[in-house]
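Pasting the structures here.
Heads up, the next two complexes both have chain A, just with different partners, chain B and then chain C.
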Partner chain A sequence: MTVEPRRSPLDGLDVHREGVRLRELPFPSQVDLRLDPVGTAANRVAQSLGTPLPVVPNTVVVSGDRHTLWLGPDEWLVVGPDGDAPVVVRALREALGTEPGSVVDVSANRVVLELSGARARDVLEQGCSIDLHPRAFGPERCAQTLLARANVLLYQVNEMPTYWVMVRPSFAEYLVSWLLDAARCPRVGADRSGRGTDPSS
Partner chain B sequence: MLLIPCPWCGDRDETEFHYGGQAHVAYPQSPDALSDAQWAEYLFVRDNPKGEFAERWCHNAGCRRWFNLVRDTATHQIVVQR
Partner chain C sequence: MTAHRLPNGGRVDRAAPVRFTYDGKRYTGLRGDTLASALIANGVLEVAPSSYRGRPRGIVTAGVDEPNALVLVDGSLLPATTLELHDGLSATGRSGVGRLTDSTDSVRHDKRYVHCDVLVVGGGPAGLAAAQAAGRTGARTILADERTELGGTLLATKGFDLSWPGLAEFPETRVLSRTTAVGYYDQNYVVLAQRNTLWHVRAKRVVLATGAHERPLVFADNDRPGVMLASAVREYVNRYAVAPGQNVVLATTNDSAYQVALDLIAAGITVSAIVDSRPEPPAALVNQVGVEVITGSAVTGTEGRHRVSAVHIGPDRSIPCDLLAVSGGWNPAVHMFSQAQGRVRYEERIAAFVPDTCPQDLEVVGAANATYELAACLAEGAAAGARAAHLAGFGGGTAPELPPVPAESDSAHRPVWMVEGDETLQFIDLQRDSTVADIRRATGAGLRSVEHVKRYTTVGTGLDQGRTGGVPAIGVIAELLGASSPGEVGTTTYRPPYTPVSFALLAGRDRGELHDPIRRTAMHSWHVAHGAVFEDVGQWKRPHHYPRAGEDAQAAVLRECTAARTGLAMMDASTLGKIEVQGPDAGEFLNRMYTNAFAKLAIGSCRYGMLCRADGMVFDDGVVLRLAEDRYLTTTTTGNAAAVLDWFEEWQQTEWPELRVRFTSVTEQWATIAVVGPGSRAALTPLLPDLDLSAAAFGFMTFRDTVLCNGVPARVARVSFSGELAFEINVATWHGLSTWELVANTGATPYGTETMHVLRAEKGFVIVGQDTDGTVTPQDLGMDWIVSKRKDFVGRRSFSRPDTARPDRRQLVGLLPVDPDDLLPEGAQLVAGGVPLTPPVPMLGHVTSSYRSAALGRTFALALVAGGRDLIGRELLAPLGNRVITATVTEPIFYDPEGTRRDG
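After this line comes the complex of A and B, so read on.
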């Protein structure tokens, strides 16, 4: 019997289209953490991760190659590189101790799509109702919202801008098709450079 | 479409939320002492005011937390978060 090499849900998709790059970040480690943010376990978890947990809604704390995303007042998602999940789960379970809470490896729960390039925000704005303008959204901000009617966890990684669009695997192909289509369509009112009209700039 | 203020995530579209009906409906102290009519009243009968109404919402597509707010059923104006 031969062992098939493992394949990510989008098989390592990586395409450039009209000033944006869309690629899948294959096999990210994702660990869901729930605990009381004012309990003593929160301090031990902060030490274990090397940074305090983000308590401001919809923000992200980055520590090395681990990104801790706020999902709720008592819930976070720790995203790391391939193979990191067992390490994180062990460390967080130890830090949680006997306090109420949970640490669950949810690496297969979401596909991580990386959308980057000068027009990345224009593309997302065609299907997302939250304000992604720098005055309201920026690096180290995240939001759970709807993008083209699909539930997504959206995270702006840097100023470029680079976004991570995290979506259930069963929605991933649909969302990729939608994103590539949106990348082809200039926004209504966009000038020839492809950038939308922006009253503040 | 309503713009609903989630206490955690801020203003979001109504499509991100799930409606939970009237707020502050207390579970009966001793359910087994109730008559069928009283139990049905607790389960199914809700106020239906024209005007301010305290109701439950859940931010399903966001932080998935329940919260209360007061909405005017005639104007859809969200009066206060409670």
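After this line comes the complex of A and C, so read on.
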């Protein structure tokens, strides 16, 4: 068969709205890693990834095109380019050795949505209760949280801001509908004049 | 200009007329008016009559505390006193009772989640000073104010320059006008309602500058149109430049009414007298107003038809007037403070409940803190704002310089809770038409608690939630009970929302399609294109059946069942939960969790397993695959995927941290296709070129990792939930659709969840959550074989309890209706044959699953029946109201009991 039989859950969605762009990053490699952060395997893993695992909660370490996201005290997600997963799985399993832990290819387990642009934070603020202000959440920060009614892994990639919103594929269509609806809404209520603005007008 | 619009002043735009309709009549107001001020400008003071007694009523206030002037606009009941006038506004007066509209609210509603260092609630002088002091430090500051314009009471103050430089320049300061704080929850979580946006704010520090509400006075006929709060009269005159009356009498218990008198006189309005309850009001004030002050006195009644024409001061004195402005004192608006779990105390000097202590990180300033002089309000606000910012990590905590303001006086108040007169005409709560007589009846009936009196009399239960009538009611209760002060009676509980909030605003965009997530599998589009009828399984949309043209559901399911039993069929099983269990102790861990053993399961094999809760009741089931020495893949039911993962984590983390095992959810990594039927082997042979699919080479309950003919990696397992020869193909989610199409092209009949249910029930396979309900043990299901006698596991100890060994426990049995065409409804109760069907009839159990079977050519069912296994062969009755179905109890297996079909 010559046809590419892979189909990304959102078919390569790429939508521009005023001040915001939403697109799917198709077929990222994603490997879930669990291990004891103070064991010797952690050092071997760091060597094999070329960078230490982030130990500060909700932070990300970027090395080349691999992003290692802190998910918990003993859990990380290594995100890389399409096709990277088998390489990462092999390297991590080898580094883990016989120490307790796990390495699982979860590349298809989450869709990666990229939300970027001047209004990106504004869009997220309509459905995400964590503090996304630059003083509290910035580049190389991540969080597992709720966006609207879907569990997401949220990662701010750069200052633009660009966010990765990582969500289970079954929720992707719902979440995209929600994000596009939220992106439609003009910024409201931020007037500084003391005379109100009317969001309905 | 109308006669009621004053020639000068006000914050209205005289060049911008606004046309509106009230009760079907057309009027013109000005930009900057509220509906209430525009009505007054047109000489309209009387509004809809009272709800219960039909008495004429008028505009009483100029804010959210309005009890009378309620109007219906686009299906919402709103106070005319806060409703901004706009062109084309059409309002209908309503007497405190709204009406639900049956049209859909098409306005877009929105939510915001924001965090800040300092939230200031209230944009009056104290709030403005606080926001400015906090904002200038660079702290993230939010100022929320319910009005269209900042300023609070300053808007109604003459001769004060209202300019607040700074707020606009602070980049991290956000001013939200037309925004009401409606709820205050733990950890400074405050919900703000701004027109169509609901703000969820989490603040490090909160400054409450919510102001105070003026209280009315209670006397006979105090509800007559033309009786208005003194502060409202002042606001109408100064802010809106309208005159609610031309000849005014003021009745007061405190100093604030004197400034009102001065402002009215300055506007050219006659003030005939001030009736002051205090025997010796401050002489400076009395001299300054220059009108008659009747001291030590109170208004006892009014005259007039639809409008006040005179007021009575005792039996002997009557003064003609067309407006009575009353000030019964001021209630600090402690609603937000109390919602924040703050405690209030009664302050005798001003006869009001004032903030005391609060466990949350907040401060109360200004009139909300019973500080009424302007200079003190500003100083208190500025200090609190600077302090809040400092405590949040910004600035040194020093308050900024303040503008000089004129001095004001606030000498002691003398409250008047009760006066002589007909108590049935002395209104406390205008919206509920409740009077002093009602309260007397309540206390006379023995009620002592203010909460009980509130519920008995309905005082304070209206749209305005007792903002005007609440404290006067407490004062009356105190007097009737002989309490030392209203403080001894206490207040009722303040609950959110502070002002009414529409359901549409609370819902935000969680409505219609976005009301709840719809979860779809990778093959969803194919199911839609092929006419699937879906059912909701949790948030998942799963195909229930795939009707062909002209087919009803029953026919479609029978056809799908026949295809699976006699030919080739396929189902989307992607929604099953999947968890990878890894680590050297993975086998031991699973041994401890499942009722049966997994440590010795061969690599490459699968085994069905059952999970119980600690009470021994069935929790979940599924097939477990052993991928490697230290790796297993467990599957769960669709609904329990997250619960089982949590269950594993809980036991590993809290009970057995020494076990070297970790879990990773892979539910959505895999798309799963069940290919079922005697034709499945032949159909799949060309698709799986690397596999020998023969029963000898690829045994039942084993799996293979392989590659499909198109190069897609796949894991194929020989598991069967139908008893037929079956292969389950797992591929990465993004290969799900193409693989599904590949299988569909072999001619397989797609089937849905209903066919799956029929096929498994024919084999007696249970569905956790349908044939079990949290009270059923594996033994009750006749599955003793899956409960290990040799190892310990979660739930095992419960099986030695006498209760789990009772012979009359409900046990799973089969049922065959005597009439093979009778379909028992699921949930039908079962009773013994031969008992009279007149209640009470002992219930023996209920039907858990019931279907028509193509293979059996009849209906059949599964049921949980008390001591059911001993009833096999007997008849039970299912009384269904108008008829009774008789069914024979059988073994819970109806098809191929020998299991000859699973190898094809």
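Here, the second predicted complex is superposed on the first by the 182 of 201 C-alpha atoms of A that agree within 3 Å, B and C clash if a C-alpha of one lies under 4 Å from a C-alpha of the other, contacts with A are read in each partner's own complex, and residues count from 1 in each chain.
We adopt the following convention: a residue touches a chain if its C-beta (ideal position, glycine included) is under 8 Å from a C-beta of that chain, and two chains touch if they have at least 3 such contacts.
What you see is a predicted model, and the numbers here were worked out from it, not measured in a lab.
When the two structures are aligned on the shared chain, A:N58 is found in touch with chain B, with no touch to chain C.
In the superposed model, A:V89 makes contact with neither chain B nor chain C. By the touch criterion defined above, A:A148 lies against chain C but remains apart from chain B after alignment on the C-alpha atoms of chain A. Contact with chain B, but none with chain C, is seen for A:L71 once the two complexes are overlaid on the shared chain. Of the two partner chains, chain C is the only one that A:G127 touches; chain B does not reach it. In the superposition on chain A, A:L25 makes contact with neither chain B nor chain C. Legend: residue contacts after superposition of the two complexes on their common chain; A:R34 is shown touching chain C, with no touch to chain B. By the touch criterion defined above, A:V176 lies against neither chain B nor chain C after alignment on the C-alpha atoms of chain A.
With both complexes placed on chain A, chain A has more residues touched by C than by the other of chain B and chain C. Shared-chain residue A:V157: touches no atom of chain B or chain C. The intersection of chain A residues touching chain B with those touching chain C, taken from the two complexes, comprises 129-130.
Of all residues in chain C, only 107-108, 110-115, 123, 140, 148-150, 164, 167-168, 173-179, 194-197, 199-200, 202, 509-510, 513-514, 516-522, 540, 580, 582-585, 631, 660-670, 709-712, 732-739 touch chain A in the complex they form. Chain contact summary for the complex, chain A toward chain C: residues 1, 3, 5-9, 27, 32, 34-35, 74, 98-110, 125-131, 133, 135-136, 148-150, 168-171, 173-175, 177-178, 181-182, 185, 188-200. By the touch criterion stated above, chain B contacts chain A in their complex at residues 8-10, 12-13, 15-16, 61-65. Every residue of chain A that touches chain B in the complex is listed here, in rising order: 57-58, 71-73, 75, 129-130, 143-146, 151.
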